[in-house]
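Look for chain A in each of the two complexes below; its partner is chain B in the first and chain C in the second.
This part shows the complex of A and B:
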């Protein structure tokens, strides 16, 4: 085995696992964009909001003397319910009055929602950094020690994150393919007007899809929170999910996953092999966008996005 | 009664094509200019200049630039902050490295450099559209942020990365009191607003609007998307770059890379949407709204005597701001400019609306 392969694989795997987390955020975007054509900038804020709700409710429950396991379960139920309530509120107060508006207006409205959720969440739940511990092990482990000298360093938490993301995607796929609601969601994603004319209520579908995106945000928030602590900066990861989206295509769930993996791996490799040796580092911040941009020049609709056909 | 164009006959094409064909509009604009040039300097305090008027004017100019791209040409950009940074750093480097260069020329050249950057990052718009393009322009924002933060040459290797603008010397006129700064900004912004207004009324503005309304149809009637889109990016970035140079030199005086971050881009996008896409007047109205609301929100709790911590105030501010944006989008998605034109229509037929 050549010498450089070990560190290379370590960076690659680290990048892929980080990419999974981007995928989780991108997934929420894709769900909403498919079903309602809304480019939901608030997804990052929803991740922060869900994570704050979770960590604070667990803290409060534990201070009341509820045992740890039960507190975590109730905390999850509470924050899940909160995200569903948020979906209702957004549909009722923002989407419904703005129906049939242009995409950019809806996009701006979701930025308004972002401001609101950021302020609201931090006002209620506090704006410090919180430690989220729901019992996911965080030890670093070494893989393939026989093959490489020193093995490959991987954090156990990242493996858990990968497994969770896989399960979530599997669950979503089942939900979309096998349930009645899932079928209605796919119908709406295909063609709003046709779906409405066969009797699918669009408003209900929007609530459902925002609620599902809220739950996805809760999962993403849990994993990010366990990894980095719950703090304002995780709202910023929404920006990292955007290149993932354009790479994978706005309308494709597998695209979000694979795009996340490519972006995660690409930016870590670029940082280690280009950024640190040649520049002062920090190219992580823009490399993902450049990668996605170059990619878009070749395929304007992203990897798996629907082909854009334009007529006059 | 007062606002009615009945009886104002046009007897030549030149009269018919003037910017403000209605006499009352001309009087109103002349009044506004007179107030801004004469009354404001007589009355305003230094706080009003430095905290409200100067940033308002400069951001209006940047908003005009962005509106040319988004409102007139239909290409959504989230990289405005980055292009402002290009203008500011270009002006700084020009002044630093070419000492004899007069400041206004340096600012114009900085605008040209920003225009070049705009063309470069506008190239993807030939292939991609809509939100894909919006996200792609974020690449410009983050790349430019990084460039000025990490490459020492641009900041003349100052260890902290912060920059101090040189003295403002406009062909011998030393601009240093807040009032002089205000007047200088006002003149620049008024001139550029006039240029923008004429650009969008003319041939090039019409090609932009054709591209915005439907690019394939525009192509078929003989508009080249390449020149139309890239010229929109260039002109837009030129305006934004000049605004960036003014922001750095006149408003801030000394600045750090964070001054032109992603939040600035969003703020400008809010301004043109609240003000009205595709309207020069809307840029000023939107800039006034977005500038003044946070200032007011910030003062309200103290004024009412409600004891709130600074953190709570900033959270409340974010919440109210978010709600107001959603509210305005619901009430009038086409912005203040649309409200204004509706009001004018009403005035014309008042008092007999039928």
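This part shows the complex of A and C:
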């Protein structure tokens, strides 16, 4: 085995696993964009909001003497319900009054939602950094010790995150492809007027996608919160989902996942092999955006974005 | 219940539009008092040139108008004796009134079969019934069965029109508002589509309100016709008498007293007549 391969794989795997977290946020964007054509700037804030609700409700329950396991289950149910309630509120108070407005107006509205959720969430749940522990092991483990000297260092939490993301994507894919509602969601994504003409009520569909995006945000928030602690910066990191979307395509669920992996691995590898030797490090923070820019020039619909079917 | 039975069902038309006025964006007056009726089991044609208000009339009935910032500001629309100006499109589909939009509007990234199944979205009578109806649609449109796994976006214009009609059929409708089915199709296909409309009407008892520019074809298959110009009904009557009417022949069928006329003459005559009127 060549000597450089061990460290390389370690960086690569670390990057891929970090990328999964970007994927999870990007996934929420894609769901809403597909079904309503709205670029939901608030997805990052929703991740923070869900994570705050989860960590704080578990804390409160435990302070009432509920045992840890039960508190986590109830905490999840509570925050899930809260995200669904948020979906109803957004549909009722924002999407419905703005129906048929330009995309840019809806985009601006979601920026408004972002500030509201940020402020409101911290108002009721507090603005400190909270430790989230739902029993996912966080030990670092060594893989392939027989093959490489010293093995490859991997955080167990990241492996859990990968498995969760995989399951989530599988579940969503089945939901979209096999169920009546999923089919309706794809129909709305294709042509919302035609969807309306066959009797699919757009309002219900919006509530459903925002609720699903809320649940995805809860999953992302849980994993991120476990890794970094629940704090305001989570909403900021969520912006990394933007280059992921540009890379993977705004309309593709697999694109969001693979885009996230590429960005995650790319920025870690760039940091180690380009940043540290030549620039004193720190390129990790902007590498993803540069990659996205290059992609915009070459392939603006992204790797997996839906091709516009045009018959001549 | 008693009061409802007191209404003579046979006398009430399936659809009655009474003097509706439609305004887009609060300022643009598109329909200036349109009235028409469709009897149960009838095929009625709405004819007229581009921009006459045919599509707006259909959308006012199906309530798709609301999504385009259009509003019915005067008049009423009654379906099976009930006012429907405040209903939602999905509510109307559930009650058996569905529109097939102009330009087909299939879901391009869904397969033909998935397209058809979206038509059954509002139904609550179980998978078995829906599957049976899918077979029925395939029986009417064998071409769709062959192409069931193809993405609708990659199928031909005729197949897409069949898909759009088949999709509407999946909702188990009593009445279909069919907007410009002939658009962009070869004459032979247009005939095929109208033949199927005819069969659906006779065999499945579906009533149709068809908006068409292809006056000749529409009047061959409809029993009654209305002619729209500038948002007003300017003429109506049984299809046979409309076909024999000299003005209709002149303006819409391109036939003059002495047989076929040059297009230029028709236009000229028509323009002058408008000014005089």
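Brief remarks follow.
Going forward, the second predicted complex is superposed on the first by the 307 of 312 C-alpha atoms of A that agree within 3 Å, B and C clash if a C-alpha of one lies under 4 Å from a C-alpha of the other, contacts with A are read in each partner's own complex, and residues count from 1 in each chain.
Here, a contact is a pair of C-beta atoms (placed from the backbone, for glycine too) under 8 Å apart; a residue touches a chain by one contact, two chains touch by 3 or more.
Just so it is clear, the structure is predicted and the values come from calculations on it, not from any experiment.
By the document's definition of touching, neither partner reaches A:73: not chain B, not chain C. Once the two complexes are overlaid on the shared chain, A:250 sits against chain B while remaining clear of chain C.
Here chain B and chain C are compared by how many residues of chain A each touches, and B touches more.
After overlaying the two complexes on the shared chain, residue contacts for A:172 are found with neither chain B nor chain C.
In the superposition on chain A, contact of A:200 is made with chain C only, not with chain B. In the superposition on chain A, no contact is made by A:228 with either chain B or chain C. Look at A:184: by the touch rule set out above, it reaches chain C but stays clear of chain B. In the overlay built on the shared chain, the residue A:297 is in contact with chain B alone; chain C does not reach it.
Look at A:159: by the touch rule set out above, it reaches neither chain B nor chain C.
The interface of chain A with chain B overlaps its interface with chain C at residues 311. Interface residues of chain C facing chain A in the complex, by the touch rule stated above, are 62, 64, 67-69, 88-90, 92-94, 98-101, 105-110, 114-115, 117-119, 121-122, 151, 153-154, 157, 167-168, 171. Contact residues of chain A toward chain C in the complex are 99-100, 180, 183-184, 186-187, 189-191, 193-201, 306, 309, 311.
Taken together, the chain B residues at the contact with chain A in this complex read 70, 76, 124, 127-132, 134-136, 138-139, 142-143, 145-146, 149-151, 214, 216-217, 220, 262, 266, 269-270, 273, 277, 311-312, 314-319, 321-326, 329-330, 333.
Remark: chain A residues 39, 93-94, 97-98, 101-105, 107-109, 111-120, 122-123, 127, 239, 242-243, 245-246, 250, 279-283, 285-286, 289-290, 292-293, 296-297, 300-302, 308, 310-312 touch chain B in the complex.
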